[in-house]
Each structure stands twice: as structure tokens, then as C-alpha cells.
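In what follows, chain A forms one complex with chain B and a second complex with chain C.
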Partner chain A sequence: MKKILLACSSGMSTSLLVTKMKEYAQSIGEEAEIWAVGQDKAKEDMRKADAVLIGPQMSFLKSELQKEADQYNIQVEVIDMMAYGMADGKKAYEQALSLMVNQ
Partner chain B sequence: MEQMKITNLTDEQISFQLILHSGNARSCIIQSLRAYKEGKKDEADALIAKAEQDLSAAHDIHFQMIQKESGGEATAFSLLLMHAEDHLMSTLSMKELVKEMLDLFKTKNI
Partner chain C sequence: MFEKISQFLVPIAGRLNNNRYLQVLRDAFMLAFPLTIFGSIFVVLTNLPFLNKIMNASMLTSFQSHFGIASTATMGIMSVFVVFGIGYYLSKSYQVEAVFGGAIALVSFLLLTPFIIQPETGDAITGVIPVDRLGAKGMFLGMITAFLSGEIYRRIVQKNLTIKMPAGVPPAVAKSFAALIPAFITLTVFLLINVMVTLFFKTNMHDVIYHAIQAPLVGLGSGIIPTLIAVFFIQILWFFGLHGQIIINSVMDPIWNTLQVENLSAYTAGKEIPHIISKPFMEIYTVGMGGTGMTLAIVFTILIFMKSRQMKQVSKLGLAPGIFNVNEPIIFGLPIVMNPIIIVPWVLAPMVVTLVTYLAMSAGLVPPPTGVTVPWTVPLFINGIMATNSIMGGVMQLINLLIVFVIWFPFLKAMDKLNLAKEKEQAVQETAAQQNDNSIKM
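And now, the complex of A and B:
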């Protein structure tokens, strides 16, 4: 089971992306737990995740979040601009998987 | 920045484009203040300029939406669109304020 956490300032736009990522994961028969939180809850929830994707409005917090994520040996990355701007669930899902390769 | 034509986008993607550009700008604005705090004044200015480019891209999308609406084809209203508008407007205020602050710091030599 792949666990992917998405975070943006309020967790709203990423919630929609989560729905699309889940649909894609399902369509290729992969089991994945994907959820979205607001920025305040990101640090708390990342302990349960295998990879963390953050919204563009939070990119300035990336290094701070990565420091926290290092404890759990996971990666934090800003959602690819094309994937986010086009609300592309497939691209975002593939990006999340690419963060797990070293695990 | 490459111009995005909203005619090729769904309503949902239009909102995401607005949030994307406002969000990029928001991050640049905060990084700009942080850069200034570290004494990197040129970098602070460059980051504000970058934020302005993203805001201009967001504005451009917004302008196309208004044009589309006045042409009788309104973008469907949704909570997501309202959220996107909120992102854009708050980032615009933030940019104006931070720009003034940097200017103030410079004149006061801090």
C-alpha cells in the first residue's frame, strides 16, 4: 500500500487532486492511500506517509518540511507545475511514486 | 511567461491555473522577505519581480475569464473558483504590502 500525503495552505485544492490521483491509481489496479491536509497538519501527518507532495503556495516551506521528513526517511517535493495547473492526477501520482524509489 | 489560453481548459483547470500562479507568487514573496532579512537585497528584488510575473499570468487568465463572460459564456461558479479568487486577491495584497515594506527598509537603511 502506497501512502501519499498532499499538503497545501488549506487542503482544498489538493483534495481535488487527491480524488484524481485515487481514480488513476484505481484504474491501473494499484492500492494507494492518498490524502490531503492543510499546512498546519502536514508535519503531524507525514509520519504516516511514504511521500509528501506540497502545493505551489507552500514551496517556500519545502526545506523546513523536508527537515521534518528526514526523521521518517521520506521525501518532500513541490507538485509539478504542469500536473498541478492541469489538475492531472496521473502525473501527480507518478511524481509521488518517483519519490519512493529510494525507499 | 507563456500565455495560457483558457479556451483549452476545463473550469476546474482554470481554477487550478489561478491557484498555481498565485501560489508560486506567494512563495516568492515570502522568500523575498527572507532573502532581505539575510542581507540579500538584490535577490529580494528579483524574487518580487518573479512574483509579479506569476501574478501577471494569473491576471491574464482572469482577464480572459471576464472577456469570456462578457461574450455570454460564463465560467461556472464553484467553491473551488471562489477559493482560487481568494488566493489571487490575498496574494495581490501581500505583494503590494511586501513591496512597500522592502522599500521602507531600504530608505531606512535596515
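And now, the complex of A and C:
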């Protein structure tokens, strides 16, 4: 089971991408739990995740969230801008997986 | 060049976003948000334009006064929630007992509040709290008091000046004793401030802060020039892919929210609405038209007039979220971010729209927002009508969309041309590659 957390300002715009990522994960037969939260809940939800992706409009959060994520030994990355804009579930899902490889 | 500016902006944005006080302020206003929505719904319901046709005058008055408490008890005393929220979230950020931090902030604020009303004629009424001091008028004093009391409280707790209970005492009891000394010292500070101000200066902190800080700041914030500057910075930040509102609003919200509460109090009292610029103005006439930059107009323009496959695809994707004012697909997919062709209309259109809306409202063609809170995800036209309690509020938005369309059209056309050329080139390359493939196979 792969657990991916997405965070943006209010969790609303990333929730669109969540749906697409879930669809993609299902289509390749992988079990994944993917959810979106606002920035205020990101730190709290992090402990349940294997990787954290943040919306590009919140890129300035990365260093602060990564500090927190280090405790759980997970990676935080900004979602590729084009993948985010086009709600490209495949690309974003693969980006999340690439963050788990290094663990 | 854009890359360099971006590298410069990201850390600034981060620092503003992560600033403890601004973060606490944001959370405190979020605490008031569901309450203001509740109050707003009843203001809208009791002021529906056709009510005077289905009810007689006395019924309407009674209906309005009975349900009017919904907004008086929420937005009418908004400072209470903001003060408690600041005390709570500030203490939480320092990891000291948060609920006491909130309660202490609230009492500190009340200690500075005169429990007296002086009517214009006749004797003063004592033993009452004037509602307006807990609403818009006390907002800045409330915020300042809450931050100060929160800081004093947590410093004393962190210095360990607390009464420790032996193990075995129930935790709730132990906690209330632990808060005793910090609460006592913090509240004494504010009590003494109040005694000094009332005794020696014959005034109160409410009036001092209101005249020295709140009125000038709020007056400044309600002007069109500062508003246009704020819009300009929001657009520029988004151009670099950063969430403009989160950063700019954390500075402007105290002013915009105060203006909103002032408007609502005037509106529910049946007086003329004093300010055009307020929080709802910013939400409904800049964000509430398809998202930041009024991108719904852009989505329609592309779907109807443009030919590029990539642009059409993004617009289709952006249409449904755009109706609910979420526009990240357009911002990052079109893209708007770091797209030099687009920076001019992106920054210009919202500023023109803000100015035109402001002028239309000051000329009396469109009523200003009444001060009710409309959630920012309510679609365009509906949110305009709800916010102003007038069909003209919605019509204004449609006119604004037209303005956005006119400003953007030539730029979108140029972008379309470039994209079409690129797509054609790709198609040629693909067929060439296929032919190559085929010839190898042969």
C-alpha cells in the first residue's frame, strides 16, 4: 500500500489531481491511498504518508515541510508544474513513487 | 530573468507565509469564518428583495429582528472570536496550554473594554458591554491585546512560574492550577493599563487604539490606490507561481475584515453602506469570477475562438473547477506562470476590473457588497448577487468578464498562433518519424 499526501493552500485544487492519480494507480493495479489537505494540516498528516507532494503555488513551503518530514524519513517535493496544471495523474503518481525509491 | 526574480521571491513568500504572527492571525480569522457564514446566510434570508411583497410591514420587521440576532451574535461581535483565536493559536504555536491562552486573551480584551454606554442625550448606562466595541470598532485593539497577552502568558509558562500539583491530582485540576500564576500576572498587566488610562487620561484603550491606529490604517486600506497595489502584487506573485492571496491577504485581511464588519453593521441597521472596498469586494470581484485573474473569461475565449489543441485541452479541464473559482489548471497548465506573452493582460485585467467596479459602485450604478460572507467557491453571478443583495452585483461581474475578454483577446490570439505552429511542427515530425519507421521496415 502506497500512501501519498498532497498539500496546497486549502486542499481544494490538489483534490482534482488526487482523483486522477487514484484512477491511474487503479488502472495499473496498484493499491494506493492518496489524499489532499490544506497547508495547516500537512504537518499533522505527514506521519501517515510515504511521500508528500505540494502544489507548485506553495513551493515556498517545501523547506519547512521537509524539515518536519525528515523525522519520518520521507521526502517532500513540489509537483511538476505542467503535470499539476494538466491534472496529469500518471506523471504526478510516478513523481510520488520516485520519492519513495530513495528510502 | 524570470528565474532570478522567482528565486528572490520564493524565500520572501515563505517567510511571510511561515511568520508565526501572520499564521496565527490567518488561523484566528478562519475560526471566525464558519460563524460569519452562519450569520451571513440569515442576513441574506431576511433581506431578500421580494419579502416586502409576501409579508406586511410589521411581520417583516418582526421577522428581521428575530432572525437578525444570527448576525449580531456572530459578525457583530467578531472581535471576540478573533481575540480568542489569536490567544489560542499563538499559545498552541508555543506549545503551551492553548485553551487558557484563548481565555486569557479574551479577558484581557474585556479588561480594556468600558462596560458603559454613553447615549448622545441623557445619562450613561453602566453594566453593559457596547456591542460595537466587540465588533468592528474593537478589532485592532483586540488583535493587539491578544498578541500581547498571549506573549506574556506563554513567557511566564515557559519560565516555569507555575504551581505544580503532586502526581495523582486529576490532570484537569492540575492544568487549571498550572495556568493560575501566568493568568494572574497577564491579567493584572491589562487591568493596570486600563486603570491608568481611565484614571489619568480619562479615556479608554478602545478609543486610543481606534483613533491612533485602526481608523488611519483602515481608511488607507479602503482607498482604491492601495487596493490596486495589493491586486498588482497578488497577480505578480501568481505569475511566479506563488499563491498571491495567501501572502498578500495575511497582511491585508485585518483591514479588509474590519471594513466588512463595519459595512454589515451599517447594512443591518438600515444605514448607508460606508465602504466600497472590503473583504467581500476582494473575494467577489477579483477571485470570485473563475479564480484569481478572472480566468473563466479566458477559458470561454479559448473554447470559442482559439484553435490550438493544447490550449483547448487545458480549457476543457479548467472549465468545471473554474465555475467554482478554482483555476490552478489554467494557471499552471496554459500556462500563465512565467509565460512572458501573458504577463501584461494577467496583471492589467484584474487592475482594470477592480478600478471599473470601484467606479461603478462609487457612482451608485452598482451597490457595494453588504458585508455578508459568501464562500469563495460559490459560482460567479450568484456570488455577486448574494454579496450585494442586488441583481446588479451579478451584472457587474458579467461586464467585468467582457473587460477581461477584450484585454486578453489579442494576447491569446498571439499565443494560439505560436502553439498552432508548434503543434504543426510536431505533427510533421511525427509523420516523418513514421515514414522513417516504415522505410526501415521495408
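FYI, the second predicted complex is superposed on the first by the 103 of 103 C-alpha atoms of A that agree within 3 Å, B and C clash if a C-alpha of one lies under 4 Å from a C-alpha of the other, contacts with A are read in each partner's own complex, and residues count from 1 in each chain.
Just so we're on the same page, a contact is a pair of C-beta atoms (placed from the backbone, for glycine too) under 8 Å apart; a residue touches a chain by one contact, two chains touch by 3 or more.
Nothing here was measured: the structure is a model prediction, and the numbers come from that model.
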item	value
When chain B and chain C are modelled together on chain A, clash or fit	clash
Touched partner set for A:40, first chain B, second chain C, both or neither	second
Chain B versus chain C as contact partner of A:95, first or second or both or neither	neither
Which of chain B and chain C A:12 touches, first, second, both or neither	both
Most chain A residues touched (candidates chain B, chain C)	C
Which of chain B and chain C A:57 touches, first, second, both or neither	both
Touching partner for A:81 - first (chain B), second (chain C), both, neither	both
Overlap of chain C and chain B interfaces on chain A (superposed complexes)	8-9, 12-13, 16, 55-60, 81, 84-87
Sites on chain C touched by chain A in the complex	10-11, 13-14, 17-18, 27, 238, 241-243, 245-246, 313-314, 317, 321, 326, 328-335, 337, 377
Contacting residues of chain B [partner chain A, same complex]	4, 9-10, 12-13, 15-17, 19-20, 22-24, 26-28, 30-31, 34, 79-80, 83-84, 87
Chain A residues within the chain C interface of the complex	8-9, 12-13, 16, 39-40, 55-61, 63-64, 81-82, 84-87
Residues of chain A that touch chain B when the two form their complex	8-10, 12-13, 16, 55-60, 81, 84-87
